[in-house]
Amino acid sequence: MENKILEVKNIVIKFNLRGKILTAVRNSSLDLFKGETLAIVGESGSGKSVFTKSFVGMLDKNGWIDEGEIIYNGKDLAKFKTEKEWLTIRGKKIAMVFQDPMTSLNPLKTIGEQIREVITWHRNTPKDEAKKEAIEILKLVGIDDAEKRYKQYPHEFSGGMRQRVVIATAIACRPEILICDEPTTALDVTIQAQILTLIKDLQKELNMTVIYITHDLGVVANVADRVAVMYAGQIVEYGLSNEIFKNPKHPYTKALLLSLPQLGLRGEELFYIKGTPPNLYKEIKGDAFALRNPHALKIDTMYEPPFFKVSETHYAKTWMLHEKAHDNLIIEKLEHDGKQKKEDNKNKLKKEVLVSLKNVTVKFKLDGKQFKAVEDVSFDIYKGETFSLVGESGSGKTTIGRAIMKIHPISGGEIYFKDKMISKKLKKDEIKRFRQSVQMIFQDPMASLNERAKVDYIVSEGLYNFKLYEDELDRKRKVEEAMEEVGLLKDFLTRFPHEFSGGQRQRIGIARALVMEPEFIIADEPISALDVSIRAQIINLLNKLKEERDLTYLFIAHDLSVVKFISDRIAVIHKGHIVELANSDELFENPLHPYTKSLLSAIPIPDPDLEKNKKILIYDPKVHDYSVDKPKWVEIKKEHFIWANDKEIDEYLSELERSHYDKEID
Amino acid sequence: MKKYIFKRSIQSLITIWIVIFVVFMLLRLMPTSGYFTRDDYLTMTEEMRQAYLKSIGVLDPPLTQFKNFIVNIFNGDLGRSITVYPRLSITTILKEKIGYSAVFGFASIVISMGLGIPMGILMARYKGKIVDNLGTFYSVIVRAVPSLIYLFLFQVWVSKIFDLPMLFYKDRPESWILPAISMSLSSIAWYAIWLRRFMVDEANRDYIKFAQVKGLSESYVMRKHVLRNAFVPIAIGIPSDLLLIISGSLIIENLYSIPGMGGLLIDSIKQMDNNLVQVLVLIYSVLSVLGVFLGDLLIVFIDPRIRLTESED
Amino acid sequence: GCSNNESGGYEDVFYGTFSGEYKTINPYDLSSVTGYTIISNTIDGLVENDKYGMVVPSLAESWTKNEDDTVWTFKLRPDVYWVDSNGQKTEYKVTADDFVEGIRYISDPKNAAKNFRTISSVIKGISDYYYNLADIDEGIDIGMTREEVEKSFEETVGVKALDEYTLEYTLDTSTPYFLSYLVMELFYPVEKEFLNEVGEDFATSKETLLYNGGYYISTWERDKLIVLTKNDYYWDKENITVREINLQKVGDEITGLEMFQRGELTSCSVSAEQLKALDGTEWEKYVNLKEKNTVTFWFTMNYQSKNPEYKTFVNNLNFRKALLHGIDRVKISSLYEPNQPEFFIRNTITPEDTVFDPNGVDYTDYPNLKPYKENNPYDPELAKEYMNKAIEELCSEDGTINGVGRESVDMDRIAKFEVDGKLPVDIVLATTTDPVETKKALLIAEMLKQNLGEENVNVIVGYAATSFQDEVFSPMNFDLVDDSYSFKFADPSANLERLTTDGSLNEGGYTVEEFDKLVEEATAKSDLVERYTIFSEAEKYMLDNVIIIPYMTGGGSYYISKEVPFLTPKGQFGLTKYKMKGSKIQSDPVTVEQYEKLKAQHEEEIEKLFQEGN
Amino acid sequence: MDKMYYNGTELPDDLFDEIPLDEQLSEESGYSNYSYWRSTFRTFFKSKLSIFLVIIIVVLSLFSFLYPVFSNVDPQQVTLDMDKWNVNANSQNWFGTDGLGRDIWARTWYGTRNSLLLALVIALIEVGVGSIVGAIWGYVRRIDPLMIELYNIITNIPSTVYLILLSYILEPSFTTIVIALASSGWIVEAKFMRNKVLSLRESEYNIASQCLGTPLKRIVAKNIIPHLVSLIIMEAALTVPYSIGSEVFLGFVGLGLPLDSVTLGNMVNQGRANFMLYPYQMLYPTLVLCIITISFYIVGNKFADASDPKNHV
């Protein structure tokens, strides 16, 4: 590529943390070319943010650039000391957008003012002119009614809109480089897709250079011209988007791609990366990934590999590319396995109803006002199946799970478990039986374990509550068994939760549920807070346990790609209503409800060619006219339910016929 | 919004009622002999004492007394003091005293905001530097050392050093200085410390980092973002502060002989001047409840987030 | 600084202080020096004292009395006007009616006049009138309504306005010392119409009071500042030499001396400790000692104590003698006056230099009392001896107190403890939380322990935190208490009558029939020598039997002042001594030397007066 | 690129053999050595000032508690010898004597012991009761309106009202003061704890415990209280200077402990009366008092900082 706009050379970034030095970025280099979109991918803690923050001098106070150069416009930014120097760069030349749109805007200032002040500040534009310009920019990022919106406060905007505002602020001064640090992680898939499109469009329109940071390889395929993969503070592989996706060379890149659930097949183990990422306090010797690489070479543990050239644009930092190394076989092996098992997933559902919700409504009081978080929801969960609940954030998924768990009281309808009504006050022994048979796994492994208790107590908590053991020895045995089952070592029992990584903690959470020997487990987004390389581990574990213990799952997620892989049936929930419910395959083949369609269209595909041509459907609830014709919950096809009014039902029916016809033709 | 104000006022009213009622009933627990000074008690026969008690109405059933009290209040009659200022109407007492406390209270608020806020800003701005350390040192002293001690030493030494009068004289302006300053000593620290704390908290927020990334200079960010936002929680307390200036400071009014409200409550409790105690408790609780209420309202106006949650409903 | 003063360089404002307790200017409800100062300077009574202590006419120009001293008639000074708080003459004149109205005011229990009891047996019918009203207020049916009783005032109560300027008092018994009552505020006049006009607000502010004295209250800021300004319409305005009396409130007495030194005050008191600190400074030469006064300090013993050990002992004369001899009054006095503490001890109940018989003989010099007056009973050895005697009489060999067993004593707020019925005897010494009182109590406790033997007595100091009356006297929660009483009028009965078995000062619950009889006998006598002789016998009885233990006079504190001494009225009781009439304030404090000189001069003049008089 | 050599070293073939995956090692790599308490203490003790002050507190407390054991000077011993009254510091009476010849050095240490004891007991009660009530209050939604009302009421009634009433109902003593001072403090602590608990309550691990059927008792004991421990320590440390200050104040308004009980508050107030003459009588005890209050105050704040995970840097 022609002209380098930014040249980063051998950057080492260190932090002083609790008296110890931590190396967050180890000797990473990067070239950025004008007009391109570079994606930096890597899991949490790999150093993406720190690396890019150093380009705008925004490292936290305890961190510093220890070595290396950042050349921009002939100047070495790494040598900048004063705020004044940075002010010539920040916002004007290099702008940055942070991860969380909820917290990036000052809640006490109007949206417009926050954009306007940048323009005024940098260009001394008079106020009204700057205001006009700000409104233009708001329009540019797709905010309708910009004049009115200009005067509103951040809290009057939805998450997606706020993120647009943040981006608008960042581009207000037409910077040359825009760094987007995971700008979509807090957003729902569909909105995420919209923001990605926006960035792409802006980049073209303003001829910016964009660095896009994400932990999700799937997302990258959409935006990036080039991709750099980071692991443990180092860039381990970079190349053109296609090269990375089609021909990954570093074992970590390969493993990441393989473990994407999009590629997995239901009823079969996903590929997963063992172990957990290294921590950066320790000095890393050799290849950081070696400990988790089942095909690691002896040399990996001794020497840090250099970059090997794969093509003019593609380099990878692994000894595997050394001519003496054996070609490894992972990909082939997996593809092979995959093919073999493709048809091997006939489900033998017994159709015995285990959990049943009938017209359940849950209300919350908010500032004295009631609002319905879940309204009139009915479905059955059959014994032995994995039933998934999918929907955007705040749609009421967790609430349904907690209502079943009797954490939130329901204000309407009934919930049955094994034909017994449980949505009323239960007797003591009924409670005991219920708590034993129904367990929950939580979204956030960091928050769901009591930091001040030892793992031993955490796992035994349920046993203690109902005295489910004969003696101390029995309890110990049970706990150890559970730990073993989730693949954790017995030694861990005496440790505290904070000593574990996210994946390990999630497994502790699962062990805690397992000791109770439940029949039914509600898994509330058990993987969404986990690192990419860990997700597959947990999914596999859940699947394994289901097989072995004949468990039934209610699996909650906001992202269809995971769900597709593990679910038997899927319910799509939107704003407290379930809008569609069908068998997994059926739903993917014949989505009817526009919301379901938009969710499906937003699933990232880890293939740049496909992804770049993908069209995202945007769901607009206004398409429904429910003012006269009230919607209802109907079984539109065998085992395919939908929330629609009569008119829509007719439409959906004809749509179904058409697709059936299409298939016939096929 | 209206509904919110309405609800909050009802709630405040209930609190005031309960407080007054509880205090009123507690006061009935006190022995009646406390209505006499030693001299009185000695020179009176038992009959005289009873007659006296009856004449001041403390022998009625408590609920009747409470009713009378409330009825009188609504008629604008706060009653007369019994033992503290025998037979003097309470309205007169308050009229005389509130002025002094209010003037000093107001002066002290002005001084403490005038000094405390800049001090807090400097401390936040130069966190960890000398200014910050000095400010912290000052506030530690003021907050950890019992106020009586430093106020007393301040009075004795400073008046000596600057040759200022040790007592307050209405007609000598220079005698207003020491009490006004002493009264602000601790609130200067209060404003400084909290403003600093809020500013430091604010400065760590994502949107402040984002504002910096936007290329705005540190001082601009400090002024337009950090300071403004940090001032919101400080502002909540201002109505209370303003209303309660009339309550005066016991120690300072005592040390400088300011005839304000400061010691009135303690005196009236010690001398069991029921009427006065009740009125004072009434006033204080109305003011403090009102202060909190106004603080909450103020926040509604300066913090747009709150307005929304209300109007949305 | 004398010389410069003689050329007329006197200051005309008096700067003083007052502390917290001063709350009201109701002339009939006074309880503090400040109150006395204000009222005595703003309102005049019938008579006053001059600078030698002689009774001289004030609003009364002259007076006569009947044969047996029961009817007293006063001729008032004409055309004296009441003035208001602006110093303006009002329409009201001071008339005989105003004096009648004063008596009417204090005789109504509703007005809760302080010290009413002191005069309740002086004026004829006043006591019945008062208690009738009290009964009615309390709801007791006495066969009359309040209105009826009030109407009966003129007939039943012995005070009458014979005409505009003639006033007559009719007394219960022969009262030759009646004039000494008249300097009390209770005999002060109040303008009837004005009183009716202001009603309940009377004397709650400077506007609701009228003045006929040398000054009027021109500023009265509660708890802050009181200013008395010279009354231009005063009948004796030539003698009002200080234009203004300015009293500033101080929260803490601590600051007084400091303020004086900074020139902010005309006069200030000096505590014993301050005195010591002034030693060797330039201020030393200015510190003068106040004359002693008629207040007597004495120990009250509880003869009905809840503490069985003490009760047994206190009813034994030897033990009481041990106490009498075991208390080092000089030491106590030196808490106030370290330089010549001996001067302030007083072992008689009646103050010396106060009551004189027609022959000019001091009552305390009567043979019954003279030995007490002159001898300091403090004698630790004797104390020990008496203590041992008492022990011998009351205890068995092994130190068990006869008839006393293990018991718990509950003097609720003051002390709560167990007695074991063995020596040492527990003694509860009750005191207040006032620092000086506390100090005194601790000192006394130490004395008793040392002088009676730690093996014999154990002193428990109990503190009354809020009200001494409630916590100590009413429930009789004490064994030993130290207290002081002022002497209210010029007759031994002032104290002795109150000390009888049923008297209001018998807080120890003793029974002294013989004493009662003697007092009764004495009061009936109108011949003063005879009367005093019987009183002295009665007093001797109290002292012989150590029923109470007087030990110290009031006064005797130090002060520094710019006010020339011996110029203002002098009086042992009533309000006269607080008058500023004739006062002169020089620009430098009065030195000891100057004081001594003036004192000698003053005494000389008195001597001369006496000789002339006799 | 020639890959035969790495930094000049030859790379033998066998280096390129696969090695088996060590499960244990791969899992261990996620192990973090972070420990909340260790970090808290490390952060705390990183400050030399903290160490110094902790040492001061320990030494002063030890000394004041051991002094009565090893010394035979009776702090209450009055002497009749007037020459020994109000003597300035000398070799025999290190801090001099007071107006009755009592040894101020001995009194200071007895006073320190008593004041510390008083303050610690108050701290214990306030914070103890406060945390337990606060934990329950925060956890049990139903009682919230009631408790809020109670809080408003208790904080609205001036604490002098309780003080006096309590000294009527109870005997005036150490206990009374403790109860009186703690009577409004506990609810303030409880409110503080409640706010913390509210944020803890919604945390997932509490929901998890509920799902496991853990009874409230154990949730409070295991899930809530342990998270409050650092707050409890901090609050307890901060209550100490506050209680000592209150005692001084009570002495000032005449509601303190009996004058013959030796406490720093009483000594300061007694010394104040003679300050113009014998400043040492106030200054020495004041010095000790200030050292204690300031130390506790700073230590409390430092601990608060240290126990905040945000500061574990």
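Structure notes:
Residue numbering begins at 1 within each chain, and the chains themselves are lettered A, B, C and D in the order written.
Note that a residue touches a chain if its C-beta (ideal position, glycine included) is under 8 Å from a C-beta of that chain, and two chains touch if they have at least 3 such contacts.
Every value quoted in this text rests on a predicted model; they were computed, and no experiment measured them.
When chain centres are set by their Cα atoms, the one at the greatest distance from chain D is C.
Looking at contact counts per chain pair, the maximum sits at A-D.
For the pair chain A and chain B, the distance between C-alpha centroids works out to 52 Å. Between the CA-based centres of chain A and chain D the separation comes to 44 Å, rounded to the whole angstrom. A separation of 91 Å divides the Cα centre of chain A from that of chain C. The distance from the centre of chain B to the centre of chain D, each centre being the mean of the chain's C-alpha atoms, comes to 26 Å. Shared contact sites, meaning residues of chain C that touch two or more other chains, fall at 252, 255, 258, 466. Residue positions of chain A touching 2 or more other chains: there are none.
Touching of two or more other chains is recorded for residues 31, 156, 254, 263, 270 of chain B.
Taken together, the chain B residues at the contact with chain C in this complex read 31, 33-34, 36-45, 47-48, 50-52, 54-55, 80, 84-89, 92-93, 96-97, 100, 156, 165-167, 169-170, 253-259, 263, 267, 270. Residue ranges on chain D touching chain A, taken from their complex, read 1, 3, 6-7, 9, 11, 13-19, 21-27, 29-36, 39, 42-43, 46, 203-205, 207-215, 218, 222-223, 226-227, 229, 312-313. Note for the complex: chain A touches chain B at residues 56, 58, 83, 87, 89-92, 95-96, 98, 100, 103-109, 114, 117-118, 121-122, 153, 155-156, 166, 169-170, 172-173, 366-369.
Every residue of chain C that touches chain B in the complex is listed here, in rising order: 20, 23-24, 26, 29, 31, 109-110, 112, 114-118, 131, 134-135, 137-139, 200-202, 204-205, 221-225, 248-252, 255, 258-259, 262, 264, 466-470, 474, 504.
Within the complex formed with chain B, the residues of chain D that make contact are 149, 152-153, 156-158, 160-161, 164-165, 168-169, 241, 244-245, 248-249, 252-255, 265, 268-269, 272, 275-276, 286, 289-290, 293-294, 296-298.
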